[in-house]
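Chain lettering (A, B, C and D) follows the sequence in which the chains are written, and residue indices restart at 1 in each chain.
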Amino acid sequence: MSENTAVTAPDILRCAYMEIVVTDLQRSRDFYVDVLGLVVTEEDENAIYLRSLEEFIHHNIVLKKGPEAAVGVFSYRVRTPEDVGLAEEFYKARGCRVERRKEGFVKGIGDSVRVEDPLGFPYEFFYEVDHVERLAWHYELYTPGALVRLDHFNQVTPDVPKAEKYMEDLGFRVTEAIRDAEGTTYAAWMRRKPTVHDTAMTGGDGPRMHHIAFATHEKHNILSICDKLGALRMSDHIERGPGRHGVSNAFYLYLRDPDGHRIEIYTQDYYTGDPDNPVVVWDVHDNQRRDWWGTPVVPSWYTDASRVLDLDGNLVPLVTRTDASELEETIGADGFSYTRKEEEESMPEWKKGEFKLGHQL
Amino acid sequence: MSENTAVTAPDILRCAYMEIVVTDLQRSRDFYVDVLGLVVTEEDENAIYLRSLEEFIHHNIVLKKGPEAAVGVFSYRVRTPEDVGLAEEFYKARGCRVERRKEGFVKGIGDSVRVEDPLGFPYEFFYEVDHVERLAWHYELYTPGALVRLDHFNQVTPDVPKAEKYMEDLGFRVTEAIRDAEGTTYAAWMRRKPTVHDTAMTGGDGPRMHHIAFATHEKHNILSICDKLGALRMSDHIERGPGRHGVSNAFYLYLRDPDGHRIEIYTQDYYTGDPDNPVVVWDVHDNQRRDWWGTPVVPSWYTDASRVLDLDGNLVPLVTRTDASELEETIGADGFSYTRKEEEESMPEWKKGEFKLGHQL
Amino acid sequence: MSENTAVTAPDILRCAYMEIVVTDLQRSRDFYVDVLGLVVTEEDENAIYLRSLEEFIHHNIVLKKGPEAAVGVFSYRVRTPEDVGLAEEFYKARGCRVERRKEGFVKGIGDSVRVEDPLGFPYEFFYEVDHVERLAWHYELYTPGALVRLDHFNQVTPDVPKAEKYMEDLGFRVTEAIRDAEGTTYAAWMRRKPTVHDTAMTGGDGPRMHHIAFATHEKHNILSICDKLGALRMSDHIERGPGRHGVSNAFYLYLRDPDGHRIEIYTQDYYTGDPDNPVVVWDVHDNQRRDWWGTPVVPSWYTDASRVLDLDGNLVPLVTRTDASELEETIGADGFSYTRKEEEESMPEWKKGEFKLGHQL
Amino acid sequence: MSENTAVTAPDILRCAYMEIVVTDLQRSRDFYVDVLGLVVTEEDENAIYLRSLEEFIHHNIVLKKGPEAAVGVFSYRVRTPEDVGLAEEFYKARGCRVERRKEGFVKGIGDSVRVEDPLGFPYEFFYEVDHVERLAWHYELYTPGALVRLDHFNQVTPDVPKAEKYMEDLGFRVTEAIRDAEGTTYAAWMRRKPTVHDTAMTGGDGPRMHHIAFATHEKHNILSICDKLGALRMSDHIERGPGRHGVSNAFYLYLRDPDGHRIEIYTQDYYTGDPDNPVVVWDVHDNQRRDWWGTPVVPSWYTDASRVLDLDGNLVPLVTRTDASELEETIGADGFSYTRKEEEESMPEWKKGEFKLGHQL
């Protein structure tokens, strides 16, 4: 593959929507609409277009019926109609497969380009979009766990430094990262809009979709989603959390939808819009990097992710990660994590009993 | 031991304070005062008297310096001075060792009786107490995790039905319990004041103190305690939670103090003051009984507890539980828990991967 | 009227429900059920029986269709069936009209006595009641402003000291009061259950019902009710607040229902169950007594209240208050309030502009 | 004044800090540091440099000692060092007085330009700034009312359409506005960073500073500031709120500092970063525009504001507003506001009593 990377990157505004293939549309509707309270903009027998309460573009998620759970596309909005062309050129110059449709690939979206990006992910860029009502003031529609905004994507890819380089070429800025003293990068967070991220790259066999995240206004909104899942006897949809992230400083919860797609509910990270915004680097052995309270990460959170489709709708083959694994480094048989660097020997008696579950895996 | 249980029980108002023996008074002060924000009513080189922000009696906890971490007494306030005498008679009639001191056993408390109760616990009953300022309106003293009230005790004892019978004789009412279809009782919650409990009896080798619980006003107050422990690199003091209890419906967090004593932070259970208040019985196999969100209970929470002292200050010997163990029944090698009764076979593929950590222990 | 007040008072548990006469049943249903989210236990063409989410007795409010907005009864639950008889005797001994019905006066309630009390209020006492499901764990039913408990009543009566005396005879304890240096009492709070009150007596022309109060778990629940009323373009149903009370230290909001009946939403007062619980007395001129933040009380809150019915369903005539009026003392033409006692002269220039609205009335 | 407005506007990132002249530095320190919890980056006998908890630039506010309360400068950060020069050219082209200092005007800030803008406001633009620690993770420093971010400025100016035009030339985008059917504009909100505003223009005699706003994470943080002011007997520093804005949909509180400077505490507006973000226009007669709950705006909030200084440190003379006044149009003698457009006649009886305070002014 020959590359010409001197072309101008499109001016990306933000992550805008994800197309998710689900195997039982009604079951997924029950989950996303009745349980999570996302708003239906439009639906038919093959797809449901959903948005969050503060959104004014047509949708933030498309649930598409299909034979196998997967992700159809990660879609970003660009600043101008011309930026769609810049995106097309950007990927053509990298030898990537691109497909442009003036009429768009899904309802509500106009002129768009879809690409198979250098990491194997299906990416989309668009400007034209139908406006719908921003429901921010419609408090009569709010549930206790109201989702108000699409916040970010998270992708699994084997070579995180390679992904960082490509995404920086595309105009993203790294805000935080997990690395180790040997120089391995385990994950990196990168943004266009001035939050901690529009997408993150998590090290692992990829390309896969790790999660899609929606924001609430407050922490109690997230807790109420757990309460409701308990009431519905669906608590096994809670995979991890709620908790406080070290990375991003946000409050979080991870759910799994009926097909196993992972959804994060997220609130209260910080402004990152200055060009010299300080990058925060976390030591992979810091036990508070993924959860500020030291709660162990469940292994499935590291191992499971959703496959992605190419532009023909076929599963993209996986490439195995060869760099060190965060799971193995931190909670595997030989892994270790510290709460206070270089102080593990000074543990009081009762702590040596190692009550934290992470120690027992 | 011959018993005459026909005597009148004292009219107990509420759990009032616990005397806790700690091995390093300054280190414990750092934890209870600087980290948790309890208010010092009085202190000297051997003891620190602490109270919560809405309390008007002298203290809710006494930290007492000693050679070995233990619990000195569980203390209850009674309705009248005469009830102290009734308490004395109640235990004498049961052949228990009792000791009455008109001047009290600790600062701030007057005429009191201490007993070694039928379960082996050191219990105290008093009416006379020094009033101190109720700091409820002193918002300039509130921290983000402000503890406003002592809520309850929790005790470990091998024979829970025996404990229920004794406590009902003492005037307590059961509000909730964990039992199984075979008739085993794993734990019971009992109250005097009209909340879910003033104390609970948890099945296990005893007598031991499982935890002492303080209330906050809101859930975010509890989350902020975790955030602060993270900031202080003390996150390993968080043992379990935060989460939503099934039993009690309260929001909770369990911490361990520097000696390993367990403190619960708790908020928002419900009114139980009617005599026909419905008792809630939970199936021990219900995965949402201890945590409504299905988060697994860490084993240390079942196994660890604080030893208690007799009236001479010696450790009370342990009696082993012979009934079935909740830990073994639910998360041990042969244990099981369900989220939806009788539906485990209908799990979708991704759920069979068993991402919930509890499945892996 | 000859009185024999030596009889034993009934053992009252708590305020239990209020019967409210409304002029348009459907319109009131829209308000209490669709807007406030109270749960319908039972309804027919003449009455709707509503309860809060943590309640297990049949109802906390009865909306009864009638020609004129009024209050039918203030109802308390007593500890035993025998206490109903004690209540009957208590009022007979005071020469009050009493009516006892073994089958109850409303659905869901058994043997009851209704009385026209010495202050002119229709009071009811009952023990027998149908149990219904406590919905505390049914988070799928919670709205953002979920009402979880009936907290208290508030009554308008011309002679507050007389009311205090009578209520103390009935077994209530005063927890807080507003008085002045001249010995006038403007309002008093009194409780049976160990919160700040089951009812309060507010000085004014009476007998009238000032408000009925429901509790939420957290402050944001109260804010969300305001947000929803705004979204429904019903913000003119908000009369006062939200704010923080001085008295009770609770967070509050006052609404007016479609007939003008006042409802308070209330959260987070404090435990008052000890017999020597300190009584808090507020100076009527303390600007923070009614609102801790100094927000002026709107005049309608002082002047408006609901008329009450006698046992025949006729309006009870009003008796005019002859003691000083809190409204006149504090925000009338000659009234004054202070934020810092004896410091008004030291106001900086910009404060002399008197931006607080209260100064302008 | 001849103008050449064809020059390129600087690329402004965000509002960055305000220089405020206070008459008693210690008294202001007590307020901003001890009461509000802002963090001191640096201080000397003449000035105090303060920042919010998530900030990484040197300061968000400079309190400068002076003989008369006023505002020294509204300062914005630009994207590159070159943008300072663009700002200089932008204002020179408009015939404005400009002063550039390579070493900056205050500590912590490098190369800057200060201007007397076309509306008479002292504006500053800079890129170079000292980095300080972002304290976001330092939860041990958080108070219950923690201020995490500078959110926006608000300016009073007589001709709002003129101000809109100028600010759009400077690169700002209008997000919301208050207008009437006759075409009068009463206020406009405009942003660079993708929130509702970096500054707003409020119609009135100007140039004056209406307020500076800091953000909290959650609504309870704002309530706790009121609680603390009550506890300190400083509740008369609360001017308006807390409440929910119509405009911006944010939760708000307005305070007055010891010199009368107005500070807003603000949380939870929405993302506005798309170029076609829908502009929200509010009718000046809509009673929910300024407060979504219909709470009347206190007159001082309309009438009071801080004078601003020119580059020599002299007060800038005021220009009187000639357009209609929002105060007069809505709550003056002839003013009116509606909750439900065209429905005032259908008021029920009890509402005609007009309990809302706004009706009485």
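Methods note: a residue touches a chain if its C-beta (ideal position, glycine included) is under 8 Å from a C-beta of that chain, and two chains touch if they have at least 3 such contacts.
Predicted model, so just to flag it, every value in this text is computed and none were measured.
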- prompt: If we look at chain A and chain B, which chains touch each of them?
  reply: C, D
Shortest walk length in steps over touching chains, chain A through to chain C: 1
Statement: Across the interface between the identical copies chain C and chain D, with over half of residue numbers shared counting as same and under half as different, the residues used are same
Query: Roughly how many whole angstrom separate the Cα centroids of chain B and chain D?
result: 49
- prompt: Distance-wise, how many Å sit between the C-alpha centres of chain C and chain D, to the nearest whole number?
  reply: 41
Statement: Chain centres from averaged Cα atoms put chain B and chain C apart, in whole Å, by 34
- request: For chain D, write out the residues touching at least two other chains, lowest number first.
  value: 137, 218-220, 227, 230, 246, 292
Message: Considering only the defined contacts, which chain D positions touch chain B in the complex?
response: 137-144, 146, 218, 220, 224, 227-228, 230-232
Statement: Residue positions on chain D within touch of chain A in the complex are 13-14, 54, 56-57, 77, 79-80, 131, 134, 136-137, 148-149, 193-194, 217-219, 246, 249, 268, 270-271, 273-278, 292
Message: Applying the document's contact rule, which stretches of chain A touch chain B when the two form their complex?
response: 69, 218-220, 223, 226-227, 229-230, 233-236, 238-239, 242, 244, 246, 251, 256, 258-260, 287-288, 292-296, 298-301, 304, 339-340, 348-351, 353-357, 360-361
